[in-house]
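Just so it is clear, A, B, C and D label the chains in written order, and each chain counts residues from 1 on its own.
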Amino acid sequence: MKVGFIGMGIMGVPMSKNVLKAGNEVMVYNRTPERIAPVTKAGAKAVQTPKAAAQGADALILMLTGPEAVDSVLFGENGVLGGIKPGTPIINMSTVSPAYSRQLNERLAASSAVLIDAPVSGSKKPAEDGTLIILAGGPKEKVKELESLLLTMGKKVVYCGEAGQGSSMKMAVNLLLGIMMEGFCEAVNFGQRCGLVTETLLEAFLAGPLSCGLFNLKAEMLKNDDFPPQFPLRHITKDLRFVLQTADENGAAIPIGSSLFQLFRLASGQHWGDMDFAVVKKILEAMSDR
Amino acid sequence: MKVGFIGMGIMGVPMSKNVLKAGNEVMVYNRTPERIAPVTKAGAKAVQTPKAAAQGADALILMLTGPEAVDSVLFGENGVLGGIKPGTPIINMSTVSPAYSRQLNERLAASSAVLIDAPVSGSKKPAEDGTLIILAGGPKEKVKELESLLLTMGKKVVYCGEAGQGSSMKMAVNLLLGIMMEGFCEAVNFGQRCGLVTETLLEAFLAGPLSCGLFNLKAEMLKNDDFPPQFPLRHITKDLRFVLQTADENGAAIPIGSSLFQLFRLASGQHWGDMDFAVVKKILEAMSDR
Amino acid sequence: MKVGFIGMGIMGVPMSKNVLKAGNEVMVYNRTPERIAPVTKAGAKAVQTPKAAAQGADALILMLTGPEAVDSVLFGENGVLGGIKPGTPIINMSTVSPAYSRQLNERLAASSAVLIDAPVSGSKKPAEDGTLIILAGGPKEKVKELESLLLTMGKKVVYCGEAGQGSSMKMAVNLLLGIMMEGFCEAVNFGQRCGLVTETLLEAFLAGPLSCGLFNLKAEMLKNDDFPPQFPLRHITKDLRFVLQTADENGAAIPIGSSLFQLFRLASGQHWGDMDFAVVKKILEAMSDR
Amino acid sequence: MKVGFIGMGIMGVPMSKNVLKAGNEVMVYNRTPERIAPVTKAGAKAVQTPKAAAQGADALILMLTGPEAVDSVLFGENGVLGGIKPGTPIINMSTVSPAYSRQLNERLAASSAVLIDAPVSGSKKPAEDGTLIILAGGPKEKVKELESLLLTMGKKVVYCGEAGQGSSMKMAVNLLLGIMMEGFCEAVNFGQRCGLVTETLLEAFLAGPLSCGLFNLKAEMLKNDDFPPQFPLRHITKDLRFVLQTADENGAAIPIGSSLFQLFRLASGQHWGDMDFAVVKKILEAMSDR
């Protein structure tokens, strides 16, 4: 298959490499071209515009920072829509709100492109390992057709419903993700304040029914009090903003999620935004008595 | 070993059976004697008073509903202290506050008994399977000595520090447990409101790095909208009350935990207290728009 | 002066009457014409379109339910912009977000109209009495010029800064208003639960430094457990949504305001939206134990 | 009347002076004697023990920092109970929890003393002016009898019910007080972040139905960004702890009050505890983006 891949961030680089590794022909585009090098070295072809990435492609994958970037890449000057064949699937794996996804679906239908919204659960490590969970919305048969392509990047495709529902699922996953991360940090900070040893706390949490991939991944950060970005706080804060809007539109009570957003926004503002979101631990420390 | 076991609730029955099964001689006491039957049938000896359970015992295990029950069983009429040999370890596996545990430790020291505070992580199912995580505080060598006895009930003993620190760890575990359970329910309710199918939501949550024993255990309840008690909401609400007091004493910020307590107390008051704490899902539904 | 007045809701009717009473010529428009009767009876002239209300007017006043209505009245078919003289001030007294106001200012400037954003503090009763507080943004000299017109509706004009800042001030006022109302209800409900008599609670609150116009106005509702709409819960909920967005844009921490929004949205969803916002008392009752 | 007055803090000094000024004979005691000087200079007689303050007194007034101090003064060595005549009223104006008040009532009854729990609404300024609101619990006829004595310190006595209910009312008042103070600061901080001028914000808040004695008193602090203690943050934080316990005992939902306590505790821990509680403004600033 010939695939256009747009967006070479923390996630896009390893994901496009996995698409390539599976034997597909890949054309990559990024706004700042220097980030493309590791992928072209692996065999992808760099192009100069989104339009060029779309030309001749059987499918287009977007992995961008948000709706503004998606808009610009699709509808901007030298955008995808100027180069695409009719009926080509545009697989948007960027995290956007369901409302935006539904709107995008309508706009693309008018250009006879097909939107698959397929954000992912998992960050840097699973992206590298090709073990992401892919949350896909769009026409069912189209998602089925693209499954083998999607599975070059992930270990599972969860079909969520019509276009927009992949994004809804992503919101639900990130709501839970945010609450769990905060809970882990709140409980560790609480325990430390009670005089318990960090290693012992982690041992207890990771031995029982609360143990999960997330905590095992982040335990090291809490042990070392160092938070190199896997999933930057700034990004999940942006995602939670979408969650709040979506909850409000759908009348869903999110008493904890809305407090969480306040906490994350605050930590994000206090020069921690570029660190991993486990850094919420630091804000809890700062909020505790000295 | 000759073991006195006091408290035959949801947890005490399977735990005492496991002590027995490992070849120990077990004397059991419960305030309401009818609950003892399944354990005596398995070979334990029923006694009429806490004192009688203590007489001749090498170790005493308490698994009771809270500090009032512990006080009454130890210091009340025909209480344990009237029957115990000097130096006998009293292993309190009931959930109490660290402050109470430390105080209890001093009172027992005055009676030349040794307190091990050893609450557990895990509820009904791991209690039956003998796979609890045991969070032990007290003199290190004493805990070491009792490890094989403790491991008849659990798969791991986490040594937490001096007497009281087992209870501190239990608070930390239950804080995380409560937040995770609420987060799971909040995310499922959010997703349902967005039009996602419950089974699909659970599939997505259980496939990725958020998957854990707890969610796998409770998924069935959310699917069936039925919440038979494994860990009754009333109990975790009581535990969170201790968490709040302990956080306050130690100056730990628990922004999410304190909102959680309000939510659980409220759900607990609305005739849901005797159901499993996953029933917090129902309160979130009730809080959402109709 | 010749004044076009658009929007005949709970607020618009008494406000336009006061403009009229001060000797101005008033043309009134409302989407559903039946609500105009009390004002035409008092001497205003009914017109059939927003455009007609603008024709020949020296100033235009809008008191509408939100940004959608403002947009439609100004820019829609037979809208204000089709009828207005160049340089005419458009006084928007509807509650909208500051971001919307600023945007509106730019759009109007392009049509050589001048935006004054002048939302009010106070609801039905002060609107009738002409004692509203008017929070005005826009060119300072223009606001000065219009002060006597504005003072036909209110007792004070607070100049807040350039266009948009009237709306910012309104957000600040409604944030405080919402928190105070909830606090009043939370404290009354708390006291009742402690066995205190409602009248005694109100007596204590209204005797000291916490006594204010708001509480004196709403005390009757709490005494009678009846909440006829002065300021419907649905409206303040909408306003708080703007507050949250504005806080987010400006990086302001609103830990209590964001919890409040959850509470109000929830109460609003539970068929209480059309009652006065003091009805939050009922949701606090429902959240308390039975 | 001969009155023993115990406790010479920010409140006790002006209150005892007002009792004296009304023509009563006053014996004063304070643990740290140096604080007594201003009152003895005004004509009071200093005594060396609580017992001495009680000897020959027709009524005893306590204005202390909390339950520990009340306990020590009444039941400690050379305590009040060693000197009091049977049937003498003990008027406890200190803020304590209702549960403590009820318990104290029983203990005093056993010593044939009569408890009046009479905490106050109002801080330093009204204490000096004799315009406190006195929230009295205890036997109705006894409170009636003591009304003229109480009115030397305040402008109004609100009879709240049996012993303990004065304290319940105080909790309700302080819950509202705390929420209003935070709301005022949250709204001012929000407005500042939106670019509004502090003076203009205060002007708008103080002109309308939200204006109250409290905000007028604290406006100066916000203008000057300086928070000299009238009601120290540490004290209201302690009071809110009692509010939370009382709410929990009585099954009252306090969703905002419980978040407030987290916020106040936190601010209190960050070396702001000795400043006026309006200093919560600083914590909101710190929580906002930089």
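Going forward, a residue touches a chain if its C-beta (ideal position, glycine included) is under 8 Å from a C-beta of that chain, and two chains touch if they have at least 3 such contacts.
Being a predicted model, the structure only gives us computed values, none of them experimental.
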item	value
For chain D, the least number of touch steps when starting out from chain A	1
Chain pair with the higher count of C-beta pairs in contact (B-C, B-D)	B-D
Farthest chain relative to chain B (centres taken as mean CA coordinates)	C
Chain centre separation in whole Å, for chain D relative to chain B (CA means)	40
Euclidean distance of C-alpha centroids - chain A vs chain B, Å	37
Distance between the centres, which are taken as Cα means, of chain C and chain B, whole angstrom	53
Chain B: positions in contact with at least two other chains	251, 253-255, 259, 265-266, 269, 287-290
Of chain C, residues touching chain D in the complex	98, 121-122, 126, 133, 135, 155-156, 158-161, 165, 168-169, 171-173, 175-177, 179-180, 182-184, 186-191, 193-197, 200-201, 203-205, 207-214, 217, 243, 246-247, 250-257, 259-260, 263, 284, 287-290
Residues of chain A touching chain D in the complex	259, 265-266, 268-271, 287-290
Touching residues (chain side chain D, partner chain B) in the complex	241, 244, 248, 251, 253-255, 258-259, 261-262, 265-266, 269
